[in-house]
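Sending over a structure as structure tokens; questions will come in a sec.
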């Protein structure tokens, strides 16, 4: 395990979801699922986050917010799209104000399906994301070393 | 009104300290789900008549039925597990079952081909 | 020589002890909440992670101000462990805090600025009591010097129980624990987002955390002074009591809501006046 | 020598009335200030060369006495005339009353002759402060007044008058600190009152006139106290020597002198005048706050402090000082006008000094002197930089100094050093506080201990928020042109250097300057702090000094990727705007805390004045009662 | 005059349940002005009635929000049933009430947790949510989903609860009741909690009516108005009284919700006691034509469903006026003059749900 | 309990007096619903008093100006802004007026019948 994956901190943003997935994300913090077991802290601050958990399909207003938050996170960072809405837009994809999945705005590393995504699924997704995080960190390090 | 108290929760906190945590062991131990869990849709492809009712009833358009090719495709990352298709299917060949679709780095869909040409096949396609 | 050893021990081990305590604290909190909680070494993993992250910031000075905060805190701590003047230690401690405030308000970011305003307020709230604690030690032992205080025959706490209680009260501010975690909080959901540390990430945040560990040990060191006396066993007792105090702070964190700033300020000042002032008055009349 | 010290500035004051050319006047100011400083240096060198003993001068001075009498009468007439013109009764009555009292003493009372002037370490210190800080303020004024009149077109340009007053002030201050005879001191004392009155009224605006009269009557009240003290001394002790007041320790004269000291140093309940004085051009504030006026008050109190130790008067003085310290610092929190903050901070700091001298033991006086020194330097510096900032930005609101470090970095640094000097370790103010606290504890005064504990917390609050506003690296919307002139910078830089040097050389200053003063005042040779303590302290402090610098260079080496600040994800381009609820760009604005509803002047002023007045009145009654018993 | 700070609050803010934005004007930390902005979760799902037929739309309605999912399904179905004149079997009506009251319990526990969280009372949050987990498990068992239940359909319910489930439900409720006792004590009596809740965000009775507050917000201001009293569904057979409180402050709203929690326990017990055997749904023929305004009481207050059919299987118009829409104006009113630290608490005391507000 | 739920059609001129009357009779504004109809938009304003509900309804044709009721019922601002933005109903003098930026959608008046 790399350094990052031992202490991944989350940033959760609701990009126009129905709350279903959000409360399940929050539920992961609570005693039954307690993702702090993995060293995960739910921080509200993009500057300190490693994993961006997004729920809901993106609409015209949240698009900017999502991009902004993503840009304020330091590398290495991964994006996890939680819920069908975040994956594809789900039942709302035909709405006039929905862009579709999160991947229409920023690159997504892990998709967690489910409506609402179950806490177990979210945990699985985060665990998957950790692997991606480690990979990214490895990539981040190598070019630097080559330069020297 | 009631008396105001301080440290109201202290007793509970101290007791909790010596209780077993309510935390499940997931993912190190598998979770068990109730019978009715709407986890994912399974198709008994052999019984399917490609009528397309499920496709039309699906609120998120996750199912594509191709009558000519005899295929039944579900986009797992589009299915909201509502069970509408299960109710709609006249042949009752769709089932809502336990267990959810694994999270993944790419969005997958699954295609089932009717077993006339070849035996019940499951081909995975990514999309 | 002993002094040098103490100072070196402090400089080297304080972050480790602090991080361990933090780990213990997190586990205890988790267990109180019927959660399993993180691993004991989680704070170390966090630090490791933070140092390995890409360095981003909103300006170029925050890092340097944060480092100054850390080093000045270290100086304050070293002075305490070198047996120097307690009052001076406290003054330098507040100077260190000043750097933290400047770091936080080094850019016009709304949340870290509001956080730093609150931090100033918190300083205003706890400062009187910390000064009185030093005065209390002076009155009981006749010296501000830590090296003299630990050589007393009777533990200072016997003379200054009020000050101890008051200090425990205000230390929640320093430990950034509920009900007094206004300026920045270890809990995720705070109206200040992350307050002071909103714009700190990676290394900068790691420095901040390390500084907090130093500070934690420093404060526990002051608690230690309350209990210690010239006998050897008092050291062990004092260590145990420090652990108890730490536990009580954790417990308090878990049984109270975060208060508003007015409650914070006024309650701290009143506690200072009642617990601290009365205690000092009695000491003065007595001596 | 001494006549020169007083004479040069006095003569220059006259010269400015004649010279009307701005350039030439500027050069004369430079030369004059230079001369004063040079004279002081020579004088001190001479004195130290002479063994640094206490010198007593001029036991018989018939003519000068008569001149002074004439001067007193002239001042009275001036006040009466101005009072009539502006229809104020109180100053008139006070002035006449005290002049009559003094004249009465002068012509009727039989007093033992004694030296009229004295030079000792305290005098020397005061001379240095007056000459150098005062001198540089004069230099600063040359540049400042140009900018001032460009900004305030509505104010009539009366610069010659202003410079006259500045130099006259310095002359009076020299006279005051060098005098030893109470009547002499009284004369100079009155001059300072009147000049400050004239300077406050410089703009002749309604508010300015009102405030100047406020200052006048309050100071005259103190003067009355002084006059009564003279009468009492003359009748009771048959001596007019300041040293006699101290050595006999009669309570009533002490009380009266303390009253004079308290009014002059703007302690509660008399602090109003100093706040009102803010309407004057900044150099006069600088002068009033740092080198002159208020220092006259604390000088007097420090002088008599050995006699205050442990008696009722001392208790009153120290209580009022303590109260002032904490109340003024609380009120400072609610201010956003930089000069108001400085004014409150002056009052509060003087409160601490007064409290120290009220306790009147070696340590406290040691602390008081240190506080006075640091206060003089940093206050003067702060006032000057605020003045320069005001000329540059067109505002002296602290809120408008947001990001000054980017806009006018040089001024920001100077102001920053000044602020740091007021309350941060490693600067001396803090060390003095340390000593003061220790001394208060030793003297067993629990109320003062509490005052200092709370007061330093509140002090910290308002300085910190100012400092952080200043140092915020916020790119402003509009750039400003720094219109600060060279002479202004010269003065400010000088102060900054002195400030830093004093911190670095703190142990030496303590040993060579402050310890002797204390020794002379108390007549023994106990060091307040042992050298080793001071030395270790200094090492610690210097290392703290070094840390930020070192860290600065270390952090320079690392590369940081710059990103926008956190604004809940709705930044609008740069760091100044966010999208508001109507979907438009909104200017982010961050204001400091002022706690107006908690610490506002409106809430605190009246109660604190009442308390202070009550303490004073009851105290005086007790003292009088005590005498009649 | 000190200047006032103008800062953004939200949409991305950890203390906010959902992306809502406020422009805050602060003096020190006192809020002197607040302008709300919504639209961060606006999807436009009301237009979907033109694309999904009225039976399919139940699934969309359920996803208006994940917290009142059950209620939205119910409200929509009842509105359509009213337009079409369908009589829903008794058993189905009882089942609906049971599920809806379960989600009220779920929602109020969730709210209590979030409130504790906004107060910085982490352990209380954890405890509340730990208890809530039991009701979620119950949902999982009876409906097959923790959050989105998919039980309502036009004409009845999709799933039945057998007697073992009902028994389990009773046990669970008993469990929860026992577990939340100390938590309720803390919410209502703890000093630190009270220092945050008492006297903040006072909404007077007249203001509450004028500004159109609904649900617990309205009842906490002393107005007796609970749409369940209309007796829709099985409520007509159950005994209940609206819970009110006269304080009108945050504390009052907390009291109301806690009492409603216990009211829900009783309602479920009574419903389980009275539930008749029988069908759970009736077949639906034809298409809706006509219109109807339907009111139901959601955990957050009265919601209004408007359905207008035109005789085809696609509806002309579906509109939902949610409780939060009505509660935002009173919220803005209560925000004025509060402290910054109160902002999240006040936002929470209306139990905001932006998701359904913006649809 | 029997619920009263009546819908009363009025014309645009009667509209404002009717609203004022509701206010004086202390009815609570519960909802404003816009529905696109031929050539315009049907506006329904519902009020509650006790458990009774009454809805006033009129049709605003084309660009016809509809006065905002925020002067009478300040809480109407959200729903009026919404009707304006999504249906293109020309409601004037809303306080506060979000100027069609409440939802900041990209499509203009998505609910309006388009020819």
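All chains are identified by letter, namely A, B, C, D, E and F, in their written order; residue positions are counted from 1 within each chain.
Going forward, a contact is a pair of C-beta atoms (placed from the backbone, for glycine too) under 8 Å apart; a residue touches a chain by one contact, two chains touch by 3 or more.
Values in this document were obtained by computation on a predicted structure and should not be read as measured data.
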item	value
If a chain touches subunit D and subunit F alike, it appears here	A, E
Number of steps on the shortest touching-chain route linking subunit A and subunit F	1
Most distant chain from subunit F by Cα centroid	D
Two chains joined by the most C-beta pairs in contact, as defined above	C-D
Greatest separation from subunit B - chain, by CA centre	D
Centroid spacing, where centroids are CA-atom means, of subunit B and subunit C in whole angstrom	50
Mean-CA-position distance for subunit E and subunit C (Å)	43
Separation of subunit B from subunit D, taking each centre as the mean of its C-alpha atoms, in whole Å	78
Approximate Å spacing (C-alpha centroids) for the pair subunit C, subunit F	58
Junction residues of subunit D - those touching two or more other chains	561, 563-564, 566-570, 579, 581-583, 588, 590, 592-593
Multi-chain contact sites of subunit F, meaning residues that touch two or more partners	96, 98, 103-105, 110
For subunit B, residues that touch 2 or more chains besides their own	6-9, 13, 21-23, 59, 80-82
Chain-to-chain touches, reported pairwise for every pair that qualifies	A-B, A-C, A-D, A-E, A-F, B-C, B-E, C-D, C-E, D-E, D-F, E-F
Residues of subunit F touching subunit A in the complex	103-107, 110
Subunit A residues within the subunit E interface of the complex	13-24, 26-27, 30-32, 42-46, 56-57, 59, 61-62, 65, 69, 90-92, 94-98, 115-116, 118
Interface residues, subunit A side, partner subunit D - complex	13, 45-47, 64-66, 68-69, 71-72, 74
In the complex with subunit D, residue positions of subunit C that touch it	54-61, 63-65, 67-68, 71-72, 75, 79, 84-85, 87-88, 91-92, 94-95, 98-99, 101-102, 105-114, 116-117, 120-121, 123-125, 127-129, 131-132, 135, 138-139, 144, 193, 198-199, 203, 262, 269, 272-273, 276-277, 280-281, 284
Sites on subunit E touched by subunit B in the complex	52, 56-57, 59-60, 62-63, 123-124, 127, 130, 133, 137, 140-145, 148, 150, 158-159, 182-183, 185-186, 188-192, 194
